[in-house]
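Two complexes come next, and they have one chain in common, subunit A, joined by subunit B in the first and subunit C in the second.
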Partner chain A sequence: MEMDIQILVKLAAYIGGGMAIGFGAIGAALGEGYAASQADMAISENPEKSSDIVRNMLIGQAVAESAAIFALVVAILLLFIAPQDPTIVTAAALLAAGVSMGLGALGSGLGSGFPAGETCTAMVKVQDPKVLSRMTTVMLISQAVCQTPAILAMVIALMLMFVGFGGPDPVKAVALLSAGLCMGFGAIGSGAGSGLPGGAACQGIGRQPEAQGLLTTNMLIGAAVCQTPAIFAMVIALILMFVNLGDVPFNPYWAAFMGAGLSTGLAAIGSGYGGGMAAGASCEGIARNPKTVGVVTTTMLVGQAVAQSPVIFGLLISFILLFKGYGEAFALAPGMALLAAGICMGFGAIGPGIGSGIAATSAVSWVARNEENAGLLMRMMLVAQAVTQSTAIYSMVIALVLLFVI
Partner chain B sequence: MEAVKSLRKKYCPTAMFIAIIAALVMIFIGHKDLARGIVLGTLFSILNFVLMGASIQLRVQRTRRTGAMIAFVLVLLRFGFLALPLVVSIYYDKYHIVTTIAGLFMVQAVMLADAVKKLVLSRPA
Partner chain C sequence: MAIEGVDLIHAASYIGAGIAMGLGAIGPGVGEGMVGAKACEAIGRNPSEAALLTRTMLVGQAVSESTGIYSLVVALLLLFVV
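Take a look at the complex of A and B:
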C-alpha cells in the first residue's frame, strides 16, 4: 500500500507537470502568434516601419511569454521535487498545482498578446518616435497587468506544492483538487480580458497621442476591475485549501467541495472577459473623443460592475456549498445534486458574463460618440445587461433547487 | 535585423549587470548559492531572448497560419531550453532554485522597469 501511494504521488506530479506546461504553453503561443500576425499585417501595410514594428513585436512577445515561464517553473518543480510525505492528499495537491498553473497561465498568455499585436498595427501610421516609444511603454505596462491572474495561479500552485495539508483525508484531497480547478479556470477570463483595454489603449495612443495619460489611467482602472473574478476564484481556492470543517463524511462533502470550486472558477471566465470587453471599448472611446473621458469611464465602470454579477452568483453558490452543512449520505444522488449545482452555476454564468460585456461595449462606444445621450444609453445598457443576466439567474435558481429541494 | 540587435544591446547587458550586482551583494552577505542561481537564471533568460530574436526571420513575412505554427513550435523548443537551469538548480545545491527562477525573468523585468521609468518620467510634475 505504501508503494502504491508513492506511485500515485509520482503519477499525480507528472500529470500535474504535463498539464501545467501543456495548458500554459497554449496561451503564450496564441498570444505570440497573434502579435506576429499583426506585425506581418503592419509590415505589409508600411514596410518602411518594419524596424519599429519588429522591435515592438519582439518586446511584446518576450513579456507575453512570462505566463508560460511561470508554468514551466511549476512543471519542472512538479517533475523533480520529491514530496516529503506521500499521501493521497499530497497526490491531489500536486495534480491541483499543475491544473491551477496551466489553466491560470492560459488567459494571461493570450491576453498579453493583444496589446503587442494592436501596438504593431497602430505603429503603421505613427511617425513621431516619442509617440512610438510611449506606445511600447503602455503596451508593456498593460502586459504586466495581464500577468496578474497567472501570478495568482502560481501563488496557489506553490502553496499546493509546499504547504502541508495533513494526513490522508480523501475529502481534503478533493477540496485541494477543486481549489486548483477553481483558481485555474478563474484566471482564464481575467487574463484574456485584461489584454483588451491594453490593446485598445495602444491603438488609441497611436490615434490621439495627447490623450496618453487619460488612456493609460483608464486602461489601468479597466484592467484592474477585470481582475476581480480571478480574485474571487482565489478566495474560494484559499477557503478550500485552508478552512477546517472538522471531521466531515466523504459523501456528500466531496461533491460539495468540487461543486464550490467549479461554480466560482467557471463563472469567473465570462465575467473576467466581459469586463475586459467593456474596458477595451472605453479606451477606444476616449481615443475617439478625449473630452468624454468622465462619462465614458463611468459607463465602463457601471457596465463592468453589472458584468461581474454572474461571478457573484457563482460565489454565492460556492459559499452555500461550502458552509451549508450536510449529514452523511449513503446514496450517490445527494452528492451528485451538490456537484450538479456547482456545474450548473459555473457554466450558466459564462455566457451572461460575456453577453453583459458585449452590451457594455456597445453602450460605452456610443457614449463616446454621443455624449448628450449618455443617460439614455446607460439605461439601455443596464436593461440589456439585465436581460442578459436572466440566463445566469435561471442557472442560479436551478442550482438553489439542487441545493435545497432535491 | 538592426532592430533586434539594438534590443539585444539595450536589454541583455543591463539584465546581466543587474544580476552580477545582485550576485555580488549575495556573496558579500555569505550566500554563494543565491548568487550562482541568479547568474545562471539570468544567463538563460538572455539566451532565450537572443534565440527569440534570431527566430524572428523565420516568422515575419509569412502567412498568419504559418507564422502562428512556427511561433508555437519555437515556444516549445525554447521552453525545453529554459528548463535546463531549473533542473540544474534542483539537482545541485550550489545553485539556489528561488534565485534561479528570479533570474529567468530578468530580461522581462528589465523591460518592465524601463517602461515604468519612462511612464513616471513622462508624467507632468
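Take a look at the complex of A and C:
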C-alpha cells in the first residue's frame, strides 16, 4: 500500500491528539471524583461546614484539572499542526508527543486529587478559620508538586512537536516513539505517588495544627524524592531524542531504542508510587507524634531510597541498551532479544517498587508510634524490602542474559 | 530482511522470556511488600517477638517468591532449552 507521507503525518498527529486527551482525561477525572466523594462524606458529617468544604473542593479540583488541560492543549495543537517537512520522523514525533502527554497526565491528575479529598475530610473537625486557610494553602502547594511529572511530559511533548529531528531516518522515528512512551509511562508513578504525602500532610494539619511547619517540610522532601523516577524517564527520553549515534543500521537498533525507553519508563511506575506511599505514611506519623520527626523522616528516606532501586536497575538496562553498540543484524532474533530485555526489566521493576513502598509504609508509621524500637523496625523494613527486590533482580538477570549471553 | 523458521522461533522465545519474567515479577514484588508491611506492624505492636516475626515473615515471603521463581525458570528454559 503506497501512502502519501503528508497523509501519514496527519494520521499520526490525529491519533496522537486522541491519545493525549483520551489518556490525559482519565487521571484528572478520577482525582476530582475522589475529591468530590470525600467532600460529600465530610458535609454529611458536619453540614455546617459545607461552605468551607465546597470552596476547598472546588479549588482543589481546579488544580487537579490542570494536567487534563495540558493534555487538551497538546491535543488541540496536534490537530492543527502543519509540519514544515513531513517525513516519517515527523509522523513518529507527533504520535510520540501525544503518547507522552496523555500517559504523563494520568498520574498527576490522580495524585492531585488525594490532597484535595483529604483536606475536605479533615476540615470537618477544624473550627479555627486560620487553620482552615492554612490547610487550603498546603493542599495547593502539594498539588503543585504533583503536577511536576505532567509538566515534564508536556515539555517533552512540545519538544517533539516543534523541534526538527532531521531527515527521514526510520531509526530516529523509533527512537522518538520510544522517548514518548518512556516519558509518558515514567510520569504515572511519580504523579500519583506524590499526591499521597500531600493528602496525609493536609489531614495531619487538621489534627495537629501546630505541626504545620514540620508536616509541610516533610511533605515537600517526600514528594521531591518521588519525582526522581520521572526525572530518570525524562533523561532517557532526552537521550533518545537528541543523542546522535551516527549512521546506525535499522536492525537491531530499532529494538535497542524501543527497549531502552520501555525499561526506564515502565520501571519508573513502581518506584514512583512506592516512594509516595512511604512519604504519605511519614506525614501521617508526624501528625500523630510530632516529636518523632527526626527518626520518622530518616526511616522514610531510607525506605524511599530502597524503593528507588528498581528504577535504577531500569535505568542501567536502558543505558546498556543505548550505548552497547551493535553490528547490523539480518535476522529478527537479535533485535527481539534487545526489545525483550527492555520489556522484562520494565515490567519486572513495577511490582518490587510498589512492594518496597508498602513495606516502608508500615515501618514508618510504626516508628512514629513506637519510637524506642525505631532501630528494630528499620532493620525489619530493610530485610523485607531486600526480599521484595528479589524479583526485580531476577528480571535484571534475564535482561542481562538477553543482552550479553544470547 | 528474510524471516525464516528458526529465526522466528528464536525471536519468539526471547520475547516470551522477557514477558514471562517481566510480568511474573510484579505479583511477588507487591505480595512480599505486603508481608513485610504486616511484619513491621507486628514488631511495632510487640517488639519482644522480633525474632519469631522475622522468621515467619521470611518463610511467608519465600512462599510468595515461588511464582517469581517459576517465571525465572520458564524464562531460562525459553532462552536456553527451547
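Assume the second predicted complex is superposed on the first by the 403 of 406 C-alpha atoms of A that agree within 3 Å, B and C clash if a C-alpha of one lies under 4 Å from a C-alpha of the other, contacts with A are read in each partner's own complex, and residues count from 1 in each chain.
Here is the rule we go by: a contact is a pair of C-beta atoms (placed from the backbone, for glycine too) under 8 Å apart; a residue touches a chain by one contact, two chains touch by 3 or more.
Everything numeric in this text was worked out from a predicted model, so none of it was measured.
Applying the stated contact rule after C-alpha superposition, one finds that A:212 touches subunit B and leaves subunit C untouched.
When the two complexes are overlaid on their common chain A, residue A:394 makes contact with subunit C while staying clear of subunit B.
Contact with subunit C, but none with subunit B, is seen for A:385 once the two complexes are overlaid on the shared chain. Ranked by how many residues of subunit A each touches, subunit B and subunit C are led by C. When the two complexes are overlaid on their common chain A, residue A:66 makes contact with subunit B while staying clear of subunit C. Of the two partner chains placed by the overlay, only subunit C lies in contact with A:376; subunit B stays clear of it.
Touch criterion met: A:336 reaches subunit C, while subunit B stays clear of it. Subunit A makes touch with subunit B in their complex at residues 21, 25, 28-30, 32-34, 36-37, 39-40, 43, 50-52, 54-55, 57-59, 61-63, 65-66, 68-69, 72-73, 75-77, 80-81, 133-134, 136-138, 140-141, 144, 212-213, 216. Of all residues in subunit C, those touching subunit A in their complex are 1-4, 7-8, 10-12, 14-19, 21-41, 43-45, 47, 50, 53-54, 57-58, 61-62, 65, 68-69, 71-72, 75-76, 79.
Residue ranges of subunit B in contact with subunit A, taken from their complex: 1-4, 6-7, 49, 52-53, 56, 59-64, 67-68, 71-72, 75-76, 79, 82-83, 86-87, 90-91, 97, 101, 104-105, 107-108, 111-112, 114-116, 118-119, 122-123. Those residues of subunit A that touch subunit C in the shared complex are 251, 270, 274, 310, 330-333, 335-337, 339-359, 361-363, 366-367, 369-370, 373, 376-377, 380-381, 383-385, 387-392, 394-395, 397-399, 401-402, 405-406.
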